[in-house]
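Presented sequentially are two complexes of chain A, the first with chain B as partner and the second with chain C.
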Partner chain A sequence: MTQYILRRLLLMIPVAFLVTVGIFVLVRLAPGDPVLTYAGENNDPVTIAYIRAQLGLDQPLPIQYAAWLSKALQGDLGRSLQTKQRVVEAIGERLPATLELGAAAILISVVVALVVGTLSALKRNSVLDLVTTSVTLAGVSFPNFFLGLILILVFAFVVPGHLFPPGGYVAFVADPGDNLRRLVLPAITLATASLAVNMRQVRSSLIDVFGLDYMRTARAKGLHEGAVIARHALKNALIPVVTIIGIQIGAIIEGAFITETIFFWPGVGRLAVQAIPSQDYPIVQGVVLISALSFMFSTLLVDVLYAVLDPRISFGAAEA
Partner chain B sequence: MTLRVRALAFLALIAVLATACAGSPTPGGGTGASAAPAAAKVAYGGTVTFAMNSDITDMDPMQSGLFVDRHLMYAMYDSLVRVTPKGDIIPWLAEKWTVSPDGKSYTFNLKTGVKYHDGSAFDAESVKWNLDRYRLTKDSRRTGELAPVDTVTVVDPATVKVDLKTPFAPFLSQLIDRSGMMVSRKAVEAGGADFTRKAFKAGTGPFILTEAVKDDHYTFEKNPDWWGKAANGDKLPYLDKVIIKPITDGSVRLTNVLTGQVQATNAITGKDVPSVKANPDFVYQEIAGLGYNSMYPNRSKGFLFEEGRYVKAVSIALDRDEILAKGPAQGVGTVGYGPIAPSHSAFDPNFKPFAKPDIAGAKKLVADVGKGPLKFEMLVSSGDAGTLQLAQLIQSQLAKADITMDIKTLLFNEIVKLQNDHKHTGLTLINWSGRTDPDGNVYDFVYTGRPNNNSAYSNKEVDKLLDDSRTATDNAKRKDLLLKAQQIFVVDDPALIWYSYQAAQLLTAKNVQGFAVFPDQLPRFETVSLKK
Partner chain C sequence: MFARRNPRMVVGATLIAMLLFVAAFAPIISPYDPVKVDVAESLLPPSGTHLLGTDDLGRDVLSRVMWGARVSLSVGLISVLIGFLVGVSIGMAAGYLGGTFDLLAMRVIDALLAFPALVLAIAITAALGPQIQNAMIAIGIVAIPGYARLTRGQVLSVRAREFVVAARTVGVPPIGIVLRHIFPNITNPLVVQATLATAFAILAEAALSFLGLGPQPPYPSWGQDINYSQRYLANFYWWMSFGPGVAIFVAVFAFNFLGDALRDALDPRLRRSG
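The block that comes next holds the complex of A and B.
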C-alpha cells in the first residue's frame, strides 16, 4: 500500500508538469493584452512598454515559462499582474472560504443523497421515488446561477425575518453564528447539482446490490432489515458513490466559480473569475495548478478508500 | 509682441482674481461638508456599509488605473484641493494658493498640524515627495496628468511651489483626485510591493483603513484627529466606521440594500430605478455626471471610417432619445452629443446638433461618398447582455438609413487591444467615467497622437484650439475655445460618436443622512451620519 501511494505521488509530478505547460500556453493564447488592461486609463506607450518589461511579458514564451517554473518549484507562484499580491498568498487567503463552502456543500449532498437515495431504492416506484427522481432531474437541470438568485430573492423578500443574508462572508472565528447563516444559501446552491447525481448513484447501486445472493443470505440469517442495509448493502453500494464524491471533492475549487460570484463569497473560485477575463496569468496558472493537484490527491484518496471499503481490492505486490 | 504683452497682462489679472478666490477657505477647510443638509443636531457614531459594483485593484494613487479604486481613496486620503458637487475647486490640504502672472507657477499654502494616520507629519516636503513620485516614477499612471509640471520646490514647511513648463489651465483640477492625493512616505516605503492593496494608515483622510479583504470588504475606522469641520461647526466625521463591499451582480447588490445588509450604493441598474424611487424606505438621488457614452470609429488610413462622412452618417442616423430610454440605461442619464458634460462649466445646453435622427441626411452622405451601401462591424464585449442589447438597438436604428451594422462579440481585452492598435475595422462602444475639468474628457481623446485617441483622429484646427484652451486661464475664453473645437470634432469632422451622458446616482437607506451625490459618482463619507 505504501509503495502504491509513493508510486502514485511520483506519477503526479509529470502530470503536474504537463498541466503547467498546458495552462501556461492556453492563457496566453487568449486574444488581448493584459498590460493594456492594467495600464487602465493611462495608455501612455512609454509606461506600457515599461510595465511589460517589468512583468517580463516582453520575453519569449519558453523563457517566461522557465522563469515561472523555477520560481514555482521553490513555492513562489509569482505575483498577480493586477493587484501585485503574491499568488500563494492570494490563494491561501481564499482557500479557507472555498474549503468551508465546498465541505458544507458535499456534506449536504452526501447526507441527503444517502438518506433519500436509500429510501428511494427501498421504495422503488413509490410516490417518494417518483418525487425524488423528479427533484433530482430538476436539480441537475437547474443552472446554479439561477438557483442562487432565486434563493437570494426568496429569503430576502418571501421568507420573513431575513433568516439567511443575500451573500457575503464572515469568518467563522469572527462570528460563528453569522458565518453559518451566510453559508446556508451558497452551500445549498453548490450542493444541488451534485446532490442529484449522488442520490441517483446511491439509489441505483443499492438496487443492484439488493438483488445479490449475499443479501438474501443476510436476510435468511434473520438479520434486522436496518442492519442488512447499513452493514451489507450500503457498504458495497458505496464504492461507486465514493468515486463520484472523490471527483466532486477534487472539483470543489472550479465548482464554486459561479456560486462564489453570486454570493460574493471571497473564495478561490471568485479569484479565478476575476483573473480570467483580465488575463491575470500568474493567478490563473496558480489556481489551475492547485485545482489540478486537488484532483490528483482526491483520486488517490478514493483509490485508497476502495481498499478500506472492500478488502478484496489490494494494491502492489499481489498484482505482480 | 504687442499681443504677447497683452496676453501676459491678461494672465496677470486672472492670477490676481484666482488668488482672491482661493484665499478664503471655509472653517476647517471642509467646504465639501456644506453638501450635507443643515441638520440641527447630527448624531455621532454608527456604521454605514456601502456597495460598489466591482472590486478595486489598487489602493496606491500612483498605480491606480481603474475608476472603482477611487471609491476607497476619498475616505482614506486627502488631496491638495477638492471639488464641490457644483464643480468648484475648493481648498483642502492646501488652504490657499496663488498663481503667478504668467500662469506657470502655483504656490500652495498648506494646512499645518496635519498628520498621516501612521503619525508622520504632512508638510511641504511630503507634498514634494508625493508629486515627484507621481510624475517621475517610471510605471506611474499619473505621469500624463502631471506632465506639465517642471519642478516642485519646498519654500518652507507649510509652502510648496510648483512650476509648470507651460501655462496649463486644468492644473488645479488634476490635484483634486489621485494626482493630488497625499500619501505617507513611511507607509509607502514600509508597504513595499504590498502597498497597492494594504495601504493601512497611509493617508490623512477622515477614515483610517484598518482591514482589507480582497473581493469581500474594506473596513475604515473614524480618524478622530481629522481636521475637517461641517458647515454647522461639528467636528467631522460623524460615523465610527465605514465598510465598503464589492458586489458585482446588480440584482444582488440591490437586494442587499433592500434587506438592510448595505445602507448605500452608487450603482443602480436602470431597470431598478423606478422601483427604488417609489420605495419610501430609501432615498434615491440622481444628478448629471461627468462621464459620457460613445462609439469609437477607426479613422486611421486605409480603414472604412477614414471617410469622415461615414462617421457623420452613423452619428446623424441615431435616435439618441430612444437609445437612452430603451437601451440598458432605461432613461438614467441624459442625451448627449459631445464629451463636455452637463456638469462641466463649459457645457453648452444649446449644443444639440443631432436632436432628431436624420435618415435622409445619412443616406445622402453615404451616397455622396459614392462607394455603395455602408456596411461595417461593431465590436461588443462578450458576456455583457446590456451592451449587446444596446448594439442591437443601434443596429436597428441604422438599418432605417440602409446602413448595415454587423455585431461581433469579442473578449473585452481583445477589443481594448484592437482599439489601442487602431486595428478595429468598424466601431467599438466605449464609456468614460469623466473628469472634473472638461479637458480630461476631451484632450486625450481627440488630440493628434494622444494615447487615448483610439479613433486615430487628427485635425490640426482641433489641436490648435485645444492647445490654446490649455494655456487660456480665463474660463470664458477656455469655454469658447473648447466649444469651437467640439463643433469640429463632433459635427464638421467627427472624431467619435457620443450619444449620452452618464448620471451620478446614490441610493441610501432612509436613516442615512448627509450623503451628498457628486458628479464624479464617488462617495464622500465624512459628512454622512445615521439618524438616531
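The block that comes next holds the complex of A and C.
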C-alpha cells in the first residue's frame, strides 16, 4: 500500500512539472506589460527599468522560470501587482470561505444523491424514479450561474420574509447563524453541478448490485430489507460513488469561480476572477496553480480510497 | 420507424437543427436590431411587440438571444473541431507509434487533465485576452485530452487486428494505415465524444462570457447578457436573464441528449439494455 502511494506520488512529479511550465508560459503569453501595472503612477523609464530588473523580468525565460519555480517551491508565489500583498497570503485569507462553500456543496450533493438515488433505484420506473431521471438529465445541462440567479430571485426577493440574503459573507466565528444563512444558496448552486451526476451514479450502481447473487442470498436467509440495502447493497454500490466524489472535486473547484462571483463570496475563485481584468497575473497564476495541485492530490486520494474500499483491486494493476 | 426506435436522437437532432437555423438566419428572422439602443422602450416586460421583453437600454431580448446563438454555436462547433483535430492526431500518433512519442505525449495530456477543465479555459482566455477567438482556442485546448486518450485507446485495440497487420505486410505506409484502415474503424466513439464535447463547449463559453471573458459588449452573448441582467434582479426584471438562460439550457440539453442517444445506438454493448 505504502509502495503504491509512493509510486503514484513519483508519477505525479513529471506531470506537476509540466503543469508549472504550462502556467508559467501562459502568464508570459499574456498581452500587456505587468511592469506597467506594477509601477502604477511612477511610470518614468528609469523606475520601470528598475522594477523590471527587481522582478527579474529582464532575464531570459528559462532563468525566469527557474527563479519562479524555486520560489514557488518555498511557498513564495510573488506579490499581487495591484495590492502588493503576497499571493500566498491573499489566497490563504480567502481559502476558509472557499473550503466552507466546497464542503457544504459536497455534503449536500452526496446526501441528496444517496437518499434520492437509493429511493429511485428501489422504486424503479415509479413516478419518483421518472422525475429523478428527468431532473438528472436537465441538471447536467443547466448552467449553474443561471440557477444561482433564479435562487437569488426566488429566495432573496420573491419569497416574503427574504429567507436568504442575495449574497455576501460573514465569518462563522463572527456570527454562526448569519454565516450559515448566507451559505445556503451558494452551496445549493454549487452542489447542483455535481448532484445530477452523483444521483445517476448511485442509482445505476445500486441497480447493478440488486441483480447480484449475494443480494438474493441475503434476502433468502431472512435479513430485513433495510439491513439488506444498508449492509449489502449500499456498501458495494458506494465504490463507484467514491470515484465520482473525486471527479466532483474538480467540478467544485471550477464551480467556485462562478458561484463565488454570483454570490459575492470572498473566496479564492472570486479572487482570481477579480484579478483577471486588472491583469494581476501573479494572483491568477497562484490560484490556477493551487487549483491544479489540489485537483491532482484529490484524484490521487480517491484512487487510494478506491483501492482500500475494494480489496479486489490489486495495487499493481490499479494504476494501469 | 426510426423516430419510434430512437426518440431521444430525433428530439436532440431536431432541437439542434432549430438552433442552427436560428443562428444562421438571425439577421433575417430576428425582429429587431440586437444592439440598437432605444431608451423609450427600456425594461418592457414580455408582450406582443417584444416577446421576451427589453433590457435597460431598450434592446429586444429575443433578438439578442437569436444573435447570441451565433456566438454560442460557433464557439461550440469550432472549439470542438480544434480539440478533435489536435486530440485525434495526437491520439493516433501516440497509439500507432508507441515508444517515446507515446510516453511524452501522454504526460502532456496528463498535465492538461491535471487542471479542472473550466479553470484551464479561464486561465488560457485570461492570458490570451477576452475575445471570442481566444475563448474558442481555450475551450478547444481543454477538449484535446478527451479525444487524445479515447483515440489512443481505440488505436491500441485496433492496430493488432488482422486487417491492419495485412495492410502493413503488403507495404501500406504508416500514414495510409492510420488514415485509411484504423481511423474508419474508430469513428463511432469519436462521434459520441464530439457531440458531448459540444454540449460542454457551449456551457463553457457561456461561463466564460458570464465572467466577462467572451465576446465584449455590446455584441450579444448568452452568458454575458445573464451577467449584465444580474444588476436588475432585485427590481424583478427577470425577463432579461430568462431568455438567454433558457437558450443555454436548451442548447446544452440538445447536444447532451443527442450524445447520450448516439452512445446507446453506436455502442453494441449498450444496445440491448438501451
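Rule of thumb we're sticking to: the second predicted complex is superposed on the first by the 278 of 320 C-alpha atoms of A that agree within 3 Å, B and C clash if a C-alpha of one lies under 4 Å from a C-alpha of the other, contacts with A are read in each partner's own complex, and residues count from 1 in each chain.
Just so we're on the same page, a contact is a pair of C-beta atoms (placed from the backbone, for glycine too) under 8 Å apart; a residue touches a chain by one contact, two chains touch by 3 or more.
This is a predicted model, so every value here is computed, not measured.
> Classify the contacts of A:V110 with the two partner chains as first (chain B alone), second (chain C alone), both, or neither.
neither
> Answer with first, second, both or neither: which of chain B and chain C does A:P34 touch in the superposed model?
Only chain B is touched by A:P34; chain C is not.
> Under the stated touch criterion, which partner chain does A:A272 make contact with: chain B (first), chain C (second), both, or neither?
In the superposition, A:A272 touches chain C alone.
> Tell me which partner A:P166 touches in the superposition: chain B (first), chain C (second), both or neither.
both
> For A:V140, decide between first (touching chain B), second (touching chain C), both and neither.
It touches chain C, and chain B stays clear.
> In the overlay, answer first, second, both or neither for which of chain B and chain C A:G22 touches.
second
> Between chain B (first) and chain C (second), which does A:I245 come into contact with in this model arrangement: first, second, both, or neither?
neither
> Should A:I253 be classified as contacting the first partner (chain B), the second (chain C), both, or neither?
Only chain C is touched by A:I253; chain B is not.
> With the two complexes superposed on chain A, say which partner A:K84 touches: chain B (first), chain C (second), both, or neither.
first
> Going by the contact definition given at the top, which residues of chain A touch chain B in one complex and chain C in the other?
Common interface on chain A, chain B vs chain C: 30-31, 149, 152-153, 156-157, 166, 261-262, 277.
> Within the complex, which stretch of chain B touches chain A?
Those in contact with chain A are residues 55, 57-58, 64-67, 138-144, 193-194, 196-197, 213-217, 245-249, 251-252, 255-256, 258-261, 383, 410-414, 416-417, 420, 451-452.
> Given the complex with chain B, which residues does chain A contribute to the contact?
Spelled out, the residues of chain A in touch with chain B are 30-34, 36-45, 47, 50-51, 54, 79, 82-85, 90, 93-94, 149, 152-153, 156-157, 162, 165-169, 261-264, 266, 270-271, 274, 277-279.
> Report the residues of chain C in contact with chain A in the complex, numbered from low to high.
The touching residues are 107-108, 110-112, 114-120, 122-124, 126-130, 199, 203, 206-207, 210-213, 223, 226-227, 229-230, 233-234, 236, 238, 241, 245, 248-249, 252-253, 256-257.
> Touching chain C in the complex: which residues of chain A?
14-16, 18-19, 22-23, 26-27, 29-31, 137-138, 140-143, 145-146, 149-150, 152-153, 156-158, 166, 250-251, 253-255, 257-258, 261-262, 272-273, 276-277, 284, 288, 291-292, 295-296
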